[in-house]
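Per-chain residue numbering starts at 1, and chain names A, B, C, D and E are given in the order in which the chains are listed.
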Amino acid sequence: MDKSQLMFWFLSALAVFSSLMVITRKNPVYSVLFLIITFFAISGHYVLMNAQFLAIVNIIVYAGAIMVLFLFVLMLMNLNKESEQQKNKYLLWSGAIAGGMLMVIMIAALNTTEPAVVNQPGAGDIGLIKNLGTKLFTEYVVPFEISSILFLSAMVGAVVLGKKGD
Amino acid sequence: MPITYYIFLAVIIFCIGVTGVLTRRNSIIVFMCIELMLNAVNLLLVAFSKLHHQRMLVLDAANVTAGTESQLFVFFIMVVAAAEVSVGLAIIVMMYRAVHSVDINFLNRLKN
Amino acid sequence: MNLIIFAGIMGVVMMFGGLLMKQKHQATLLATVLVLLLLAGNTWEMLHGPIFSIQAPHMLATSRFGLLINEILLAAGLLYLLVSGRDIEKVGNYVAEYYALIFFIFAGIGISTAYTNLLMLFLGIEIISIPLYILTGADKRNLKSIEAALKYFLMGSFSTGIMLMGIALIYGGTGSFLLEKFSLQGAPISYNLVAGLLLILVAMAFKVSAAPFHFWTPDVYDGAPTVFTSFMATIVKVAGFIAFIRLFEGASGIIAGKWQWVIAIIISLTLLIGNITAVFQQSVKRMLAYSSIAQAGFMMFALFSMNNWGREGIVLYAAAYCLATIGIFAVLTKMDDYTYQGFNGFARREPMLAVALAVMVLSLAGIPLTVGFFSKYYMVASAVAAGFGGKFLWLLVLAMLCAAVSVYYYFRVIQAMYFKEAEQPQSALPVSAGFRYLVAGAALVVVLLGILPQWLLQFLYF
Amino acid sequence: MKFAPYIPLLPLAGFLINGLLRNKLSKGLVGIIGSGAILAAFVLSVLVFNQTLQGETAVLQLFEFIKVGSLTIPFEFQIDQLTSLFLLIITGVGFLIHVYSTAYMHEESDSHFARYFAYLNLFVFSMLLLVMGGNYVIMFIGWEGVGLCSYLLIGYWFKNTEYNNAAKKAFVMNRIGDLGFLIAVFWIISTFGSTSFSAVFGQLPGQFSTAAITGITLCLFVGAMGKSAQIPLYTWLPDAMAGPTPVSALIHAATMVTAGIYMIARSNMLYVLAPASMHVIAIVGLATALLAATIALKQNDIKKVLAYSTVSQLGYMFLGLGVGAFTGAVFHVMTHAFFKALLFLGAGSVIHGMHHQQNMLHYGGLKKWMPVTHLTMLIGCIAIAGIPPFSGFFSKDEILIHAFAANPVYYVLGMGGALMTAFYMFRLYALTFLGEHRGDLHHHTPHESPKAMTIPLVVLAVLSIVGGLVGIPELFMNNGHRLESFLTPVFENSKQYLEQHAHPSHSTEWMLLAVSVSLIVLVILFTVRTFAKGKESEEATGLGKLLQNKWYVDELYDGLIVKPLLALGTVLNNVIERSGIDRLVNGVGRAVQYSSRQLRLLQSGNVGSYILMMVLGIVGLILLVFYTRL
Amino acid sequence: MILSSFILIPLIAGLLAFFIKQDQLVKGWSLLAALATLAAVLYSFTMPAAAEGLSYSRIWLGSLNSHFSLLLDGPARVTTLLTAVSFVIIFIAIFKNSYADASQYFGLMLLSMAGLMGVFLASDALLFYFFWELALIPVYFLCSKWGGERRVPVTFKFFIYTFVGSVIMLIGIIYLYSKTPDQSFSWASFKQAALTAKEQAFFFWFFFVAFAIKMPVFPFHTWQPDAYETAPVGTTMVLSGVMVKMGLFAVLRWLLPVFPQMSDKMGGFIIVLAIIGILYASLIAIRQDNIKRLIAYSSIAHIGLMAASLFVKNDMAYQGALIQFFNHGINIIGLWIVVDIIERQTGISKMSELGGLAQQAPRLAIMLVVVALANIALPLTNAFIGEFLMFSGLYQQNVWYAVVAGIAIILAAVYTLGMIQKVFFGQRNEAVQVADLQTAQWLALAIIIVLIIAAGVYPKPLLELGGSLVKTIPLAVAP
């Protein structure tokens, strides 16, 4: 087992563990923190697969901006105490079982006998900013422009919803 | 690493996210679980990107950009996620302002 | 395709217009004019080709079908603004912003009817969804509105997650996001692709509120401000269907013989749940929510049979369903009481509107001489023409029986209007004569198309 | 012959005039129109009779009535000897009864009086159609028409619910018979392809299966049972006495009830080819004759006695038909028409004189107040009892002799019936006219009826005496039986197929005659002696009670048929219809509403459970696509 | 063009009627329209017809290959005549009745007339379906708005029941369409639809159920007594006199020729069902106290006989049924007129509460008696011809059909005479006051009685109108 394989297993274990912690922690703040760890683990995977751009963006946008926003909102609402009491155990268990079932089924469905293509780390440099950028601003310029509409509407939404009183 | 490992990993994280959505009542955490699902997808897309890149290289050595599109897709997912988060959090804040709770089952006037 | 650009621009125009205009109805006026322009632009494109040509072959492609649907949806949008503009003004203070959001949604619709790439589908759906989350929560004083927005947002995001998983798996199977790549029949079928298609099917089923992914619909439609429910339930929903159909136009063969079974099960569940649950409802608004589920069941036939009949049917369905539902919602928003009792004695109160409403309700129920009949007719005919009349006869029978059940709850409106008297005499609705004529005009169109549906369908072929 | 179609049209015109103008015409005018129409018809009938007497017959096709595919049913009249004889009886007796009615019904108000005459004329019209019809369908029109008129006339006093019930009963029982008739017609159509008498009989004997012919004849006989009040469909006739007495005389004694005999005599060609049917007819006729006679023994209502007597006499006629004595049966129809009409009209006169008292126990000694009625009634009684040379003797004798030839048992039983007839008729006579008056003389004094009533009585009495002379048997006089030779063209074709019985020798005949006549005379003497004293109590015991209650047949029918049918109706209505089918239909609706109430619970308002459903849906779909074979 | 006028006259007149605000005017207008239609119908009978009858065709929905095509063949002649005559009589009979919103009432009546005419004429399946529903919708409004007690739920049940039937039929129409050689809805193509035995078996029932509900045949009849009881009387006349013929007519035009083998195979079963229904309804009718329900059940029995006859498929039964279409319509309208007069004046429809009306209203009583006698098919009334031929036809098919169904003749006498007796005869109920006939009603009843007698005495013209079976269903007769 070489280094990269070792890294893969480590990062995978970390990601799974921390995401499990995200959904099991009672205190939302812990959940946020574990989620950030998950993101880091996933970014690690990106790096392993030579997708540096995404690794960076993931950390900056997700772990940095978005998660901080979450944390901020949580703090603002003073929800760090465990305020959640799951009254309906039945729903809790059925939820867990359903999620597990989905997992089993999807894994079973996707467990192909296709010849295993080894995903060699480091091979290819498509994940580099240059390559991605070129493609983004040539072929993908239409969606890129269109996503501005998305942001405009999100902005309008923040105004409409967030502004106090009317 | 075989691609199936990545698939399994992504599916596991995805399903953990789903389970979180199903079991948690704090809307912020539910939302976070959805983000977890998106990240699982992102991971899968990047893995497929590499897979596809290598496959295409075998067929056509000149096609060095094969697989870029899914990484760009991840980029767009992040863009959308950001937009979604701003709107989603605005909704959650709005709800908190109104009822001082973020419990998804707290407001339950609409049913049947 | 120009629709996307124009709608985006007009959304921005509205946003800035909002800063300049002090009076709410000015915003409405502006929005109406802008929709009219959109409609004119789309008509031009349909008749003479695009004004701007966007070269993005891997992203968007116009089709006559998509343009016709755009045309219908824009016309419906115009009608919507004309009859419901006043009510939008009453929702809150950000009238211009609401209109801007509506224009953004139209941009999303433009994408949904023209995409050729899963990325564009994803963006289109999101551009439609995010403004809708906002519009749903627009009535901030109303807890129902907030609840609906939260539910809609959480479930919508969840379905986005599912959809993305599906897209990812499809990519894993085909190595491309292009529709044509996985549409090719006979391509090696990978399990990733099949699973991905299923997940994306689920996400789309969610958007068009097909069972068992419909649960958001009644709550959100009920909770959202009624004017926006009207918009969501009609124009947006039809756009969702078009996206759905485009997605699977060539893909149905991939799941081979099982595709029909998957859709048939979804259709039957949708029809049963939508129709049967609607029977119990006491609120007309909520009934319409369930009815929209039920109608979705019928529209799914286009996916079931995947042939030209289905496409023609969906065109008619778009027209029938939008006209009727917008009309009913327009009247409903003027009422104080959304229950059936609220309509008691309506025929005395508003004879002309009552006739128009009756026609619309008949259309929804699929009674001949209304376009609603032909829309249902084409749906069933598509299944038969596709050769599923024998094996899936049970589905056709079920659909028709459900149509009969739907008569039950639709006709309760007619019964209330015509055969029951209000407890205390009520004055006429506070609406203008223009409103009455508009609704009546819409009803007239419903009847005219019910006699000559070809008038609309010919645009698919000329 | 050309004018034959006018015979039924005249009464029809009378019906229309009296019916439509019933509020405008005076009673006198109504009577004149009503009776005049019948008189005119009678005159025409006599002309027709004259022509047939010379052997002239005709089939007159008026217009095409029904034409479907290969089947054509014209509206046609067949005039032959049998028809013309019946025409005479119907119009002749009918006319007398019309005249009689003008007086009898004089108490009615103008419009009801006109209604009465309209009905009577309509009846005569229907009866004429029946006997003139040239095919079974036209005959059936008359057949049902007379049933209708009978219904209308029995329920003439429509305020009385009991009368209405009697009318309804008559109609329904007739309908049962009519169904048999109809089926026979269908059978004839499918067998012969035509309903015209000439076409049907012309094809006989042909290659037709005996089973078919027997079936047809039996079905026709079912029709005759209803119309001519034979077992088991006889119970309506006594109840039909609810109608005005002249109606009873005309319809329920002289004419309508003999339609069955006419029809069978008309169809003689069919019947002779179905010996089994003949036997059935003979047995049913005989049984009816005896049963009705026994019941008549203990009846106290004067009209009821006559009614049962009529049933009994009709039984004789069927006996005659059954043993092949077609002429005898027709002969008896004729004589019976005379004396039974006479008896009914006489009874009507008595009832009229007694102010609508019908119970004989309240009569007695009427002969001093009502001499004409008394005398004519006596003649009628003698005629029916069968004392020579009164008419009843000849006709009944002819039937009985034929019965003897067929089977001596028939004769013995028939003779027993004849003795009973003598008994109950003279019981009636004695209780009514002899002895002391048992009624309340202070309130009403019996009185003789007006001329319009007595003259028809006298005419009928004369006919009852001399009517038999047209059929004097060979025993007394060679070629005396004018009637038989007159009717020969009608019956001659069938004669060869008739079961041949050795005709009894003259000496046997003489002996039988002597025995029967002397027995009858004995019975009469005994009866008159007994009942002249008015020895009859209201309450009877033992067998008498059984007889008084008509063997409880009505009750039996009520319990066996009517009540179960009504109960079945109730069960169907309440159980099958309401709780069964309709409940099922409504149940579908209710099931939808119920499932609506249950299904809405899925919509719990809880995002978690919504998403749970979605996840389950995804799981289900994946399972469906990946792990099932479809 | 003359054929279109059958539909267009009432349609246009009906639409215009909504705008006539004066009650008397709208009544006169409707009567005029009905008379004009009758004139058109009668005129069409004088026109020389091709072997199959008059026809008219114009393209309607090109892409569906559906035509606005009409065909006036034998059965259609009878039914259109019935429709025209019935509406004339109905409009006369209800001329004096007052209705709230008379313009709407009469407008809807005319619309339903247009629908009925369309059903009887359409020789294109889609067009047929359109008219099938068009006839129903106005009736729904008529019954729900102007009906009696519990009108809304009862009418609703009726509506949904028939609607279920018709949507099932719609599936059949669509399916058959896909199997026609030229992808067309025309009657001619439908007759050539290539169906396997299994498909025939399925879709035969799809069509039959729709027709059976409309007729209605046991056990699909339970909507009918309620509907007749609650519907406003003018509409009840339409329902019972004309509308039930839709189902019967449709069997003749759309079921027998299109599914010849199946209708041969299933004919026996349907006949038995119909005969069960005849006896069943008759027995129930005997136990009814409500005069309207009695007539309703009596109608079920009569319709059952006609339904059975249609499946016998011999000339006698066919012509008997056809002539009975007309006769039954006329007769039952007559009955309803009388019932209406009584109910309007006394408010009573229970026979046990009535009685002795003949003393107060002798003319009415006579009219009722005549109509009632026609109802029990007394000879020389119109119904006799029809029933005679039908029973005769049934007999040719199977002796027992005629014998068992014949029991209904007896039962019909029982309940009809019972009705006459309870309502008109017996002791007069002093509390109940009925005036004798008014002119309009008198006129309507007089027309009916003239028709009853005329058709009973000289049925030939009416019989000839229907033509022979061979012309209508040639395929069915061919081996």
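A few comments on the model shown:
What we mean here is this: a residue touches a chain if its C-beta (ideal position, glycine included) is under 8 Å from a C-beta of that chain, and two chains touch if they have at least 3 such contacts.
Bear in mind the structure is a predicted one, so any value in this text is a computation, not a measurement.
The chains touching chain B as well as chain C are A, D.
Note: the chain lying farthest from chain E is A, by mean C-alpha position. C-beta contact counts were set side by side for A-B and D-E; A-B has more.
Chain centres defined as mean CA positions place E nearest to the mean of all protein CA atoms.
Computed centre separation for the pair chain C/chain D is 77 angstrom, with centres defined by C-alpha atoms. The distance from the centre of chain A to the centre of chain E, each centre being the mean of the chain's C-alpha atoms, comes to 71 Å. A straight line joining the Cα centres of chain A and chain D is 102 Å long. In this assembly, the C-alpha centroid of chain C lies 42 Å from the C-alpha centroid of chain E. In chain A, the residues that touch at least two other chains are 91, 94-95, 98-99, 102, 106, 109-110, 112, 140, 143, 147, 150, 153-154, 157, 161. Along chain C, residues 119, 123, 126, 130, 133-134, 137, 140, 149-151, 154, 158, 169, 191-192, 194-195, 218-219, 280, 408 each make contact with two or more other chains.
Along chain B, residues 3, 7, 14, 17-18, 21-23, 25, 30-31, 51, 55, 66-67, 69, 72, 76, 80, 83-84, 87, 91-92, 94, 104, 108-112 each make contact with two or more other chains.
Under the contact rule stated at the top, the pairs of chains that touch are A-B, A-C, A-D, B-C, B-D, C-D, C-E, D-E. Here chain A touches chain D in the complex through residues 91, 94-95, 98-99, 101-102, 105-106, 108-109, going by the rule given at the top.
Across the complex, chain C meets chain A through its residues 4, 8, 11-12, 15, 54, 56, 58-60, 92-94, 97-98, 100-101, 104, 107-108, 111, 117, 119-120, 123, 126-127, 130-131, 133-134, 137-138, 140-141, 149, 169, 190-192, 194-195. Listing the residues of chain C that touch chain B in their complex gives 119, 122-123, 126, 130, 133-134, 137, 140, 143-144, 146-151, 153-154, 157-158, 160-161, 164-165, 167-169, 171-172, 175-177, 192, 218-220, 222-223, 280.
Residues 150-151, 154-155, 158-159, 162, 191, 194-195, 198-199, 201-202, 206, 211-213, 215-216, 218-219, 255, 257-258, 261-262, 265, 273, 276-281, 405, 408 of chain C are the ones touching chain D in the complex. Across the complex, chain B is touched by residues 4-5, 8, 12, 15-16, 19-20, 22-23, 28, 31-32, 35, 38-39, 42, 45-46, 49-51, 53-54, 57-58, 61-62, 65-66, 69-70, 73-74, 76-77, 79, 83-84, 86, 91-92, 94-96, 98-100, 102-103, 106-107, 110-112, 116-120, 123-124, 126-127, 131-132, 135-136, 140, 143, 147, 150-151, 153-155, 157-158, 161-162, 164 of chain A.
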